[in-house]
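What follows is subunit A paired twice: with subunit B in the first complex and subunit C in the second.
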Partner chain A sequence: MSRKFKESSYYQKGNTNYYLLPFKFHKINDLTEVLVNEVGEYLFVDNGTANRIINREIEFESNLYKDLISNFFISEKPIPDLIDIISNKYRSKKSFINEFTSLHIFVVSLRCDHTCHYCQVSRVSEDQNKYDMSKSDIDIAISHMLRSKSDHVTMEFQGGEPLLAFDKIKYGVDKAKELNKKYNKEITFVICTNLVSVTKEILNFCKEHNILISTSYDGPQYIHDKNRLYTKGSSHKKVLKGIDLSRKILGHDRVSALMTTTNLTLDYPLEIIDDYYKNGFRNIFLRPISPYGFALKSPKKNKYVTEKFLEFYKKGLMHIIDMNKKGIYFSEDYATIILKKILTPFPVGYVDLQSPAGAINSVIVYNYDGYVYATDESRMLAETGDYSFRLGHLKKNSYDEIFFGKNASKFAYSFANESLPGCSECGLQAYCGADPVFHHASQGDVIGHRPSSGYCQKNMEIIRFILELISKEEYDTIFRSWVYKTSFSEKN
Partner chain B sequence: MLTFTEKKNSLLIDIPLSDYSIDVIYKCFYWYTGDYDVEVSKESNHTAIEIITRSNEKIDFDYLKSKIKSDLIDFKTRDIISKETKNVRDLIIAKAFSDSDEFNSEPPGEISDPVGFKIKNK
Partner chain C sequence: MKLSFKGQANNFFQPIVGKVTRDIDNAKNKILILDDLTEFKSLDNPLALLSAKENKIPNTNEIQIPTIFNLVDLNDLKNDDIAVLNPNGNIRTLFQAESLHNSLFVTDRCNSNCLMCSQPPKNREDIPYFYSINSKLVKLLPKELEAIGITGGEPTLMGEKLGMLISQIKDELPDTDLQILTNGRAFAWQNYTKLISSYYNDNVIFAVPLYSDYYSHHDYIVQAEDAFNQTLLGLHNMARYNFKIEIRIVLHKQSIERLYELSKFIYQTLPFVDHIAFMGLEYTGYTPFNHDLLWIDPVEYQAELQKSVTYLKQNLMNVSIYNLQLCLLPSDLWKYSKKSISDWKQSYLDECNKCTIRDDCGGVFETSKIYSKNIKAFESSIY
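Moving on to the complex of A and B:
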């Protein structure tokens, strides 16, 4: 198959009568701006280039002209010949929409043996009937999960501390497998646990059913034990023992850890990262500080906390990059998520950075009492008396009423960052998302006010910072090793 | 041409509508509402914007004027891109989410088969 070249006169005419294709731009520093096209492909150029493009000042003979044509920023025809390629790329980027609700969180118990000060939901109680999910609710939730359009769903058990209701986890896993015979979906099982009450018997069950363990680990003992108050001693010692046992029975890679960022954490980025590495982890998620435990509607305090987090994050990320430079493979998860969005044509299944928003579209939460919420944060809000994101009840409402009913419709208009004020023309839009729950919680409005939004302040700066690093080619190999999960040190 | 007037706690900017549309002005000064109070008065052929400080901190007028000039050009550029590319953007998205052949078209150009794959033109 071949295509003919145009006549030579065509290439000599010095034509600057090109047409614009949709793209956005953002200054990443004093010298450079990034152009981002409709499907998230980028080009680093000198500041002011976007303005030169619209004024038709790009010379036909220049390399920039060729880059702009080949990367779909401009076209020589009003409708480019390869428009179907652009559309297919757009379809790929948004393909997570076809996987409607792939993450199903089952809060099997609200009971917990910790009293962490940042947790608004758990209860130290022995009352199983009051705070554990009923088997009949688990049945209905599983049937909702199996109605998902996605061929691959994740059934995640959360709490409180879900291992305190291990009988409910066993019941849920067995039931899901039984009902799934009809649907034949691929189900990933995850238990989010503090590992304090883990036993060999529990882990043998996990091994038999290929269940992943996700634990909470906040780093060195002087941070972990201050953040995570355990009623019967040191949580830090218990969790490390639990991690060790889990790795022995399930395998090293079947156990992951999540850190919760607190005010105390912000002073120790390097110590936490080094501690993670020392304890056998090869990645860390430097998670943004949650606004749910702070003075939510204080813009000044939120701005200060976000500024401190950004300082913590950048310091931590550069430390991790330095480790990689020395040949130690270690990755940062938030950067990896953003890098996947920037460097690959595929969508990323991270609910906080999606447009349309992850709420309902990607995640749903079945609470211990049968109520269903749009996100994990939504049920935290409910514990403070705010039921804005309660979608219905497993026994009182049908699947359609919960997922597509009036409660869900009430905030669906805020799902797409393509149509949000401030986001609609933002150059970083393709790499960011919409978070109506965060904006409702922090600003009292699902749309939110972008100039004072902690979400916007944080994500714009982190994405800008990562783009700036990408523009310096020295980090390219490291970043690609994180995206494709190949060891930089092994390759070099 | 932009005209700036410095006041004790605010900066007044007069913007001719022949240079910047009201859409561009709103989109640009929206981003100033995080740190300042912004008042907009639209007249027939110009718009007066007053940026008022919320704290007792002195306004850095030189920095603010330079930033406003740069931001207005950026937002005008964005507006031009957005308006000039609206139709093609709609088409890209319609094609992306179309499950039928409604928006599909044959690839352009003549297809020959020098290697002999026996590709048939429809």
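Moving on to the complex of A and C:
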């Protein structure tokens, strides 16, 4: 050791004969394209840069060359020295797979006191025996849930209106807790309810068992009451009352709301967002319009509806960003999911936007009649007579037959967007997902045709739009605050 | 602060490690400092005797007590400090009872040769010597000690002995935090990481420097080929065994170049690290020699530093700024600034005496040979 120091050029091994590592690119506007590497890390560069990289035109003294090397877009050796680091990053990004099915939906009753026109499944009926889940089926479903590899599972009660079968919820929660003594998993309980028939007694039970309430709320009364038809008056008034009572007993943050987008919704993005804010919500999920209530097989109509939705979504998102710029903390859930995928090295499993697909891998539905479905949409398809994603029956089939059996493996080949035609080379693949049920429903096969796919049209444009916003750098603080659910003041 | 002393040794042939005292009545098993060795009469044999005077113990035929005499100015060697006495007459302070920043020094050797090294490495086989000294030192440390460090040189060059030292510290000081400064390169070998993991405990944090996201840039700064790759693989191996990790970035003209890119890289590639420290340069060791390559007045890199700190904080990373004076930092970075300079080499400039927030500031390295020209007192109250 001595004071004989070597020049920096001594350590530089590079030259223009670099090797390409797997990466993809996508034009995000007239000036900029995004390069995305195998683990979803991005670089914004001038349009045409991907072409220059491929033609080995990047000077090794340039900053771009250094960025490309250090972010694993190119390598000076055929196999990079740090390939183990890349694989660690990849494993970490995809580690939501290790959890396997973590969301277990229990359709405890199909009965409902609403007749919403976008719902194909519910029944207005008093016949409990026919439309409520049996205790013996609940028992089997719970034992399936506790077999999950995940240390943390979510037991979600849906309907119909699950509170109409509150006895079954009570039974399910008690039973799950009792059986879980052996497994010691963390169980999150959620009730998805319209809150019309909620009572203090029910909420006290929820408080005792730390149960979350997720309600349906479509915004101002003139939208909500048109979307959500209640047989005995205004649904809007009832739900706001229910939200208020739930917040009082459970705590403000234990109550969330979901909006269903309809044709009517599409005309009122700002009004709905402001209404959510006025009613004490600090986030909203501007959910894509569901294809299941539309003329599914009409590509032209689907395309039009998707275009209208995108316009609605962007207007809404920009409105929310403006609120944040004024210092009001409010976030949009779909953007937050995508931002997490783009901006963080962490795994993001969201059932409608993940690869491998959410169906079975992350979510499973136990229907009121004991049949098991791959997703919530799968059981809606079943109500229209399409049983493609019915995996088996709780009493007739074993765990293995349901989760890994013939019916599941029939469409498993369409789970990974890495291998789907049109997705495999898409620059936005790392941030997107695969949805076989959607493509089956809208295009007649689980793989689907990307250029006419509503899923593709919608997600590519939303992701492109969000990337463009990120590239402007002026929203960094807002976006990171959504990703980490930090208020502005906590961040510094 | 003087930490080494030289005198004439007598009556011993192996290094002696002991606690220092001036209390003649409580000197059993301690190193006793006496003004005049002729005063020594105690039957409670001390470990050794030190004296400024040039004389010997009376009746040396009866008591063969190790002695170093002819020492000048022992004022900096305080009661309860721990020192090593060497047979060649050298004394070195190993532990200062009044300091919050004590470290076990384990070797002068290093496998890197950083452009800005504050304590340039020496190539000599000193590991067994320091290991035996430190093993004795650990037993004498006060049990209530809050924190201690291990530093070099490069501690991983000790091989398995590093693990054994970690164990000894845990056994003797079960509640003391231990910070180990290492370039992390040895952990690129998974079998070494696995070996150290068998000694690891949660009191330990490894502090590892990283100067660029671009391999050759880092390799140049640390003057070692392949160092970047080894450190990166090492950090991932350490994370695999759940070691706690701090990343340290010394700020100078070279490391500023890609500071923001490095910050993004740390979050994306090393999101598991517990802490990231941005550190002002100590102008000593190799740094004066490499002045033109390294020196940049800290005020000139505040924009880069602010951008980097803001990015990491937005991503909930734990960030601190060390060794930079408050007057050089934009005020919104003050909350990350720590009084980090070890007390034994910390001081203030004359200018600082006029400053109203001097007590909140970590001051400067007494060891630095030049300082920023922009250090300027806040003369009126700023709060």
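The rule is short, and it goes like this: the second predicted complex is superposed on the first by the 474 of 492 C-alpha atoms of A that agree within 3 Å, B and C clash if a C-alpha of one lies under 4 Å from a C-alpha of the other, contacts with A are read in each partner's own complex, and residues count from 1 in each chain.
Here is the rule we go by: a contact is a pair of C-beta atoms (placed from the backbone, for glycine too) under 8 Å apart; a residue touches a chain by one contact, two chains touch by 3 or more.
It should be emphasised that the depicted structure is a prediction, and the values quoted were computed from it without experimental measurement.
Of the two partner chains placed around the shared chain by superposition, neither subunit B nor subunit C is touched by A:K226.
Using the contact criterion defined above for the overlaid structures, shared-chain residue A:K185 touches neither subunit B nor subunit C, since it reaches no partner.
Once the two complexes are overlaid on the shared chain, A:K325 sits clear of subunit B and of subunit C alike. Of the two partner chains placed by the overlay, neither subunit B nor subunit C lies in contact with A:R287.
Of the two partner chains placed by superposition, only subunit C is touched by A:Y484; subunit B is not. When the two structures are aligned on the shared chain, A:I83 is found in touch with subunit B, with no touch to subunit C.
Of the two partner chains placed around the shared chain by superposition, subunit B is the only one that A:N51 touches, whereas subunit C remains out of contact. When the two structures are aligned on the shared chain, A:K314 is found in touch with neither subunit B nor subunit C.
Shared interface residues of subunit A, touching subunit B in one complex and subunit C in the other, are 1-3, 81, 84, 88.
On subunit B, the positions that touch subunit A within their shared complex are 27, 30-35, 73-75, 77-82, 84-85, 88-89, 91-93, 95-97, 103-105, 107-115, 117, 119. Residues of subunit A that touch subunit B in their complex: 1-4, 19-25, 27, 38, 50-51, 54, 78-81, 83-84, 86-88, 90-91, 94, 421-422, 425, 449-452. Taken in their complex, subunit A has these residues touching subunit C: 1-3, 5-8, 10-14, 41, 66-67, 69-71, 81-82, 84-85, 88-89, 344-346, 476-477, 480-481, 484, 486, 491-492. Considering their complex, residues 110, 113, 115, 120-123, 213-217, 219-220, 223, 225-226, 229, 232-233, 236, 258, 261, 265, 267-269, 271, 286, 289-290, 311, 313-316, 332, 335 of subunit C touch subunit A.
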